[in-house]
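A quick write-up on the structure given underneath.
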Amino acid sequence: MLEVSDLRVAYGAVSALDGVSLSVGPGVTTAVLGANGAGKTSLLRAMTGMVRAKSGRVVWKGTELTRLASEEIVRQGVAHVPEGRGVIQDLTVEDNLRLGGLWRSDREDRRKALEEMYEFFPALRERRRRSAYTLSGGERQMLAVGRALMARPELLLLDEPSLGLAPIIVAQIMELVARLSADTGLTVLLVEQNARAALSISERAVVLSLGKVVVEGAAADIAADEELRHHYLGF
Amino acid sequence: MLSAGFLRRPLVRHLVIAVVLVVVLFLVTGILSSYNNFQIALIASYVIAVAGLSLLTGLNGQISLGHGAFMAVGAYTTALLETHQHWPLALVLALSAVTAAAAGLVTGLGAARLRGPYLAGATLALAVGLPELTIKFTSTLGGESGLPVNPPPPVSFLGASFDPNRYLAWVSILCVAVTLVLLANLVTSRFGRDFRAVRDDEIAASLSGIRVAGNQVLAFVVSAACAGLGGAIYALATGIVNPAGFTLVLSIAILTGTVIGGLGTLAGAVWGGILLVYLPRWSESLSNGFKLNKVVSSNLSLGLYGVVLIVVILAFPAGLQGGVRQAGRALRSRFMSGPGSSGSTGAAAPAGVSTPVASGGGGETS
Amino acid sequence: MVYAAMAMALVLIWRATRVVNFAQGAMAMFSTYVAVSVIDRGGDYWEALVVALAFGFVAGAVVERVLVRPVESKPPLNAVIVTLGLLILVESAAAMIWGDSVRSYPARFSQTGLKLGSQRVALSPFDLYIIGAVLVVMAGLVILFRATSLGLRMRASAFEPEVARLLGVRVGRMLTLGWALAAVVGSLGGILVAPKVFLDPNNMDDVLVYAFTAAIVGGLDSPVGALVGGVGMGLSLSYVGGYLGYSLETVGAFVILIVVLMVRPEGLFTTTTPRRV
């Protein structure tokens, strides 16, 4: 389904991804782990055209993505919740949500999706007319995830959804991701520093270090490998 | 010859270079025609104003569309004091800078609270509005027809037959040298560092103890003083001050010169000033070459300013520092080969500015 | 009221692209000359209006695509300089094409004051037409921005282009559309004002200053603010002009601008959250 091969990204002279390859099967949740600066964010950004890859390919359902603009990649069913969430503060909660699905022409289904998001996240319904500026960190994360889901994506890229959130909210978000994957067959790439939480809901995992894949395997195996955990994952 | 590294050297070096340049230019004025000497004075007035704006915009990050108005303040001060009160020239020039600085202080106090498009808009209103004041005070400022300005009489030991245009060229070269040396030292001083710090990140600057507002007002005052001095020389060179000479077009021309010369580089101000004098001449020979009618030709140089502004800013998107020396070289070779080559030279002008960048090097264009 | 139309055009571009278009007035003047040409060839008022607005739409789109697009990701100063370059380019082009003599422009409706009982008031049918047109346009803009998904996409593109892209918004098209719409509104303003001021390639400087001041006074983010600012400017300037002389009007605009900005740096009607730059 998703094939990343030999992807390289550099910011000027700084190399961020140094030939990353991975493949993700349909409906599989894969944790992308690694220390700060390992290149996790750059991987996602290259996949959705937010940075141009220097070389390499990203093939999703037979379509090569690295040549496409972000707005076209989204139309291929790929949704990206960026690091820091990317909530548009000057818009209301509802406008933020609606924006996520606007490119789809099915107006009726857009309305249905909005209703579903309000059911997933009742807190957002209460605040629908407020500016996103007034939301708490957890609410913003819900908004960002909900907004991405409005597009009814088949591949969801989540960049550190637990960053800066209280443990109980982290648990809620992980549970939601697990449920989405189980209910809708969504394929998920979950970038996390919180490796323990991420591994607990993932089937597979990749560990990045200095722009390279150092380990790829079943999430359970990686969680069980004590040396690996100490070395790369810090728990 | 004026590299960016030059700006970072100490006072002595600035002075040496300035003195050498002044002497060379003084000698050159002797072989040039009276008209060319007049042009030198005109160029000098632009160079000074452009250098002032370059300091404000390039170094301190504040835009001003009102420098034409500050030039007007300096020019009218000169007209009143030199021609009507017969005060000594040096004092008149200094006071022209001071009155413009005062206008800059008032504007700067307002401007320090404004950013980007707001600031541009406020100074735009100043540029359009201030010259209209002269009509309100017709009895002192001469209204639409303006005030005459006498060329400064050469000092007596030069002899009665000394060409006043040559003398004016000397005076203005001296003013350029003094201004650039002072500005170059300001740039390398603590103030210059603060200017840049404020431009790059106001919050960081204020956290490191810089008084941001004060710093921005200071930049405005210095910059306006330069424009005032430039305006004074402009008045002496053209022999008249009137509102038609200080329209918004002048302010935009100064900005054009600044952008072309390279924001924040003093050496660039020299090229900017030269261009502002020669661009209208190029366009004139261009329109003569094509036998265009009067309306078209009188508007062509204005249009060229527009084209040059757009082309330069699009072709040097990351800032002009890198490309400017090559562009400068291209301009200089054009300048040296003289404007005599008429139509074709004019047509090639905008392309000549951008070519070195497009080709990534080599200032020598066809 | 006319300042209000021009001010709204500025606000529109600002909201849609975060660029202030200094060439707005000049572009409006150019469109108005296009309308004059249509009338000279025997077209009537409405034909000329339609042609000029269509011209404005296309011109706005082309300007965005060709000139503004390359500087959109650059420091704001670059965009300011490009639109200034465009300002003097358009002014000189208009003078080259149509000559620099002053032209008059026909009014569609009578310009003599209406009779209220036996009193003549300072309000002509043409004034009513202007007021109506500006109100309609403003209402249209408010609906566009507040109530349509197109407006939502335009706002998102302006606030956070990168995020908007990630949500499938074709940001480039939104920016082009924003410029095109603003040029239409500006052109309309130009044609509305033309019968009152005489048309001349350079007289848009003053109009630009007033419109700009109105937009800033009202807050660059607010079409309502632009309307109120525009009307307020018109009134206060006629007082300044009436009491102190016409030559002080622009200076008056400058003073109003500075005073308002001292009190409320973001303009009177801006409600958006302060932005971290």
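Which chain is which? They are A, B and C, in the order written, and residues in each are numbered from 1.
The working rule: contacts are C-beta pairs under 8 Å (C-beta built on N, C-alpha and C of every residue); 3 or more make two chains touch, one makes a residue touch a chain.
Since this is a predicted model, take the numbers as computed values, not measurements.
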item: Chain contact topology (line, ring, star, complete or other); value: line
item: Closest chain to the centre of mass proxy, which here is the mean CA position; value: C
item: Of all other chains, the one whose Cα centre sits farthest from chain B; value: A
item: Rounded Å distance between chain A and chain C, as computed from the means of their C-alpha atoms; value: 42
item: Interchain centroid distance [CA atoms averaged], chain B/chain C, Å; value: 31
item: Chain centre separation (chain A, chain B; CA means) in Å; value: 53
item: List of chain C residues in touch with chain B within their complex; value: 14, 20, 22, 67, 70-71, 74, 76-78, 80-82, 84-93, 95-96, 99-100, 201, 205-206, 208-209, 212-213, 216, 220, 244-245, 247-254, 257-258, 261-262, 265, 277
item: Contacting residues of chain B [partner chain C, same complex]; value: 57, 61, 63, 65, 110, 113-118, 120-122, 124-126, 128-130, 132-133, 135-136, 202, 247-249, 252, 255-256, 259, 263, 295-296, 298-300, 302-303, 305-310, 313-314, 317-318
item: Chain A - residues contacting chain C, complex; value: 48-50, 69-71, 74-75, 80, 82, 86, 88-91, 95, 98-100, 102-103, 131, 133, 147, 151
item: Complex contacts: residues of chain C adjacent to chain A; value: 149, 152-153, 155-156, 159-160, 162-171, 272-273
